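Pasting the structures in now, so scroll down.
In the two complexes below, chain A is the common chain; its partner is chain B in one and chain C in the other.
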Partner chain A sequence: MMNFLLSLKNSLKRLLRGRSSLVIGLYGPPNAGKTTLANKICKDWIGEEMGTVSPIAHETREVKVKEKVCIKTETGKELMFNLIDTPGIATRIDYEDFMKAGLPEAKAKKRAKEATKGVIEAIKWLDDVDTVVVVIDATQDPYSQVNVTIIGNLAARNIPVLIIGNKVDLKRASLKRVKAAFPQYAVVGISAKYGTNMNDFYEALAKVTE
Partner chain B sequence: MVTLHFVPHHEIASLTSVGRIRKLLSIAKENKIVLLEGRLAKEEEAELIKATMEEINKDFKGIELAVIKPSAGQLRGFERIKTEVVSFFLGDNAGLTIIGPASVVKSIRRDPHKIELLTREAAKK
Partner chain C sequence: MPHQCVRCDTMYDDGSQEILKGCHCGARLFFYIKKELLQSSKEELVVNLTIEQKEELETDVLDLLGQQQPDTPVVLDLEAIRVLKPGKYELDLVHLFRGDPLIFKLADGKYIIDVPEMFSRLKKK
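Moving on, here comes the complex of A and B:
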């Protein structure tokens, strides 16, 4: 009953905004693999990538939109949506960190400035998404306050959430730790880079948007 | 030297959301670690991050944020209802919110049972 009401509310919200497409946002901290996942989804279903990835944090500094992504799961569920790839949400941005990663000072300062704007833009977009995929680096501490804040904020807005523990191909990854941190949410472990477990991800995505 | 600035819940209870965020951020910008009794609303926490990003400059690099809150799952029956009613009318004053300026606090590690605050001075040693 609760799920039905939630789904009805989200449909009405879309209708009031004058659009029928479902909007799915990829959120999470910097370098969790949001753009890698966005690229994998787009390559799987559209045949083209969405953005560039980099080992230096805050590579994505603007919200990117890919319209009319249509997926079909192995169990026959179809889902059409607009995919939003957002800049990583952070509470601190220091250009000196980018310099330590090898960028020259001018570029590091520019990147820091753009990154702050990107975080603001990502938070503003929370008003326009219907479902959120929170991408967490499964090798990192899942209790980071950024994760807790994003997920808490989504819960307060009654936005359905799917949590992805990414980078499960790495030895340090612990999906168990991610699941323990967010026991009330569906959690799927994937490696967006190598396409591991993507079918489970698509099934879970179809389920959470029902 | 690290300065801790305690903010009792009643000091922010009557302020607007913007007022609360401005007050907490202005303390953090003085390089003090804010210990707020209770927590901000979830929407206010996101707004705090947004406001922090707007304030970042060469001197202010942002914040580290952590919230310690007794889990709702630990409360049962009447205690849980009482807590929710009090929170609804008076704001959420259970738990503790830590807001540390990034120039002072290197990282805050948190799990359900403990919280570790690593300052930049400690990290240098």
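Moving on, here comes the complex of A and C:
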């Protein structure tokens, strides 16, 4: 009943904004694999990638939109949406971290400035998204200030959330830890890089947007 | 140990009723912060910057705000973003998520506020 009311509210919200298409946003900390997941979704259903990925954090520093992504799940559910890939949300951005990763000082400072702007933009875009996929690196501690703050504020805005524990292909990954941290949310473990468990992800996405 | 409400920023001590019942703002998620870490997060900003670094820092913030002409800094108490030195930023996500005015703290007593953005938000409301 609660889900139905939430979905009705979101449909009305979209109509009031003058658009009927569903908007799904990928949010999360830097280097969790948001763009890798966006690329995998786009490759699976459109045949082209969405953005570049890098081992250096904050590679995505602008919000990117892919319109009219249409997916069909194994159980026959169809979903058409606009996909938003957002810059990583962080509480600290330090050019010295980028220098350690090999960038020269001027480029590192520029990246830090753009990454800061990216966080502000990503949060502003929340006004325009209907559903959020929070991408968490399953090898990291899920109880971070960034994760808790993102998820807590999405709940406060009544935005449906699906949590993705990414990088389950790595030995250090623990989906159990992610599930224990956010027991009231649907959590799916995937490897966006290798396409592991993508069908479960699409099913869960269709369910959370119902 | 303090628990921060991730929606309204209110801090609660261990054993507070609100942690079990929910914050007065209605939120139920709290971020647990060790006392010593909370203390260090409130430490003074780095002040021993060179004049060139201070100018670079101001230019960066004005650039982030999309303003060409430097404006007179205004003194306030709340900031969403601290700029410790050029290229080093600390972001208060609670302020940003709450849609508070975009305030950059450049040094103690020195702030830059994105006033046009603030008014455009008011208009939307």
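Going forward, the second predicted complex is superposed on the first by the 210 of 210 C-alpha atoms of A that agree within 3 Å, B and C clash if a C-alpha of one lies under 4 Å from a C-alpha of the other, contacts with A are read in each partner's own complex, and residues count from 1 in each chain.
By definition in this document, contacts are C-beta pairs under 8 Å (C-beta built on N, C-alpha and C of every residue); 3 or more make two chains touch, one makes a residue touch a chain.
Nothing here was measured: the structure is a model prediction, and the numbers come from that model.
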Next item on the list: State whether chain B and chain C clash or fit side by side on chain A once the two structures are superposed.
Entry: clash
Next item on the list: Determine, under the contact definition given at the top, whether A:I93 touches first (chain B), second (chain C), both, or neither.
Entry: both
Note to self: After the superposition on A, what does A:A108 contact: first (chain B), second (chain C), both or neither?
What the structure shows: second
Check: So, does A:V119 touch the first partner chain B, the second partner chain C, both, or neither?
Finding: both
Check: Touch check for A:D141: first (chain B), second (chain C), both, or neither?
Finding: first
Notebook entry, point to check: Considering each complex separately, which residues of chain A are in contact with chain B in the first and with chain C in the second?
Noted result: 89-94, 112, 116-117, 119-120, 123, 126, 143, 145-146, 148-150, 152-153, 155-156
Next item on the list: Flag every residue of chain A that touches chain C in the complex, lowest number first.
Entry: 89-96, 108-109, 112-113, 115-117, 119-120, 123, 126, 143, 145-146, 148-153, 155-156
Check: chain B touches which residues of chain A in the complex?
Finding: 89-94, 112, 116-117, 119-120, 123-124, 126, 141, 143-146, 148-150, 152-153, 155-157
Check: In the complex of these two chains, what residues of chain B are touching chain A?
Finding: 41-43, 45-47, 49-50, 52-54, 56, 61-67, 102, 108-112
Note to self: Under the stated contact criterion, what part of chain C meets chain A in this complex?
What the structure shows: 5-7, 25-33, 60, 63-64, 81, 86-94, 96-98, 102
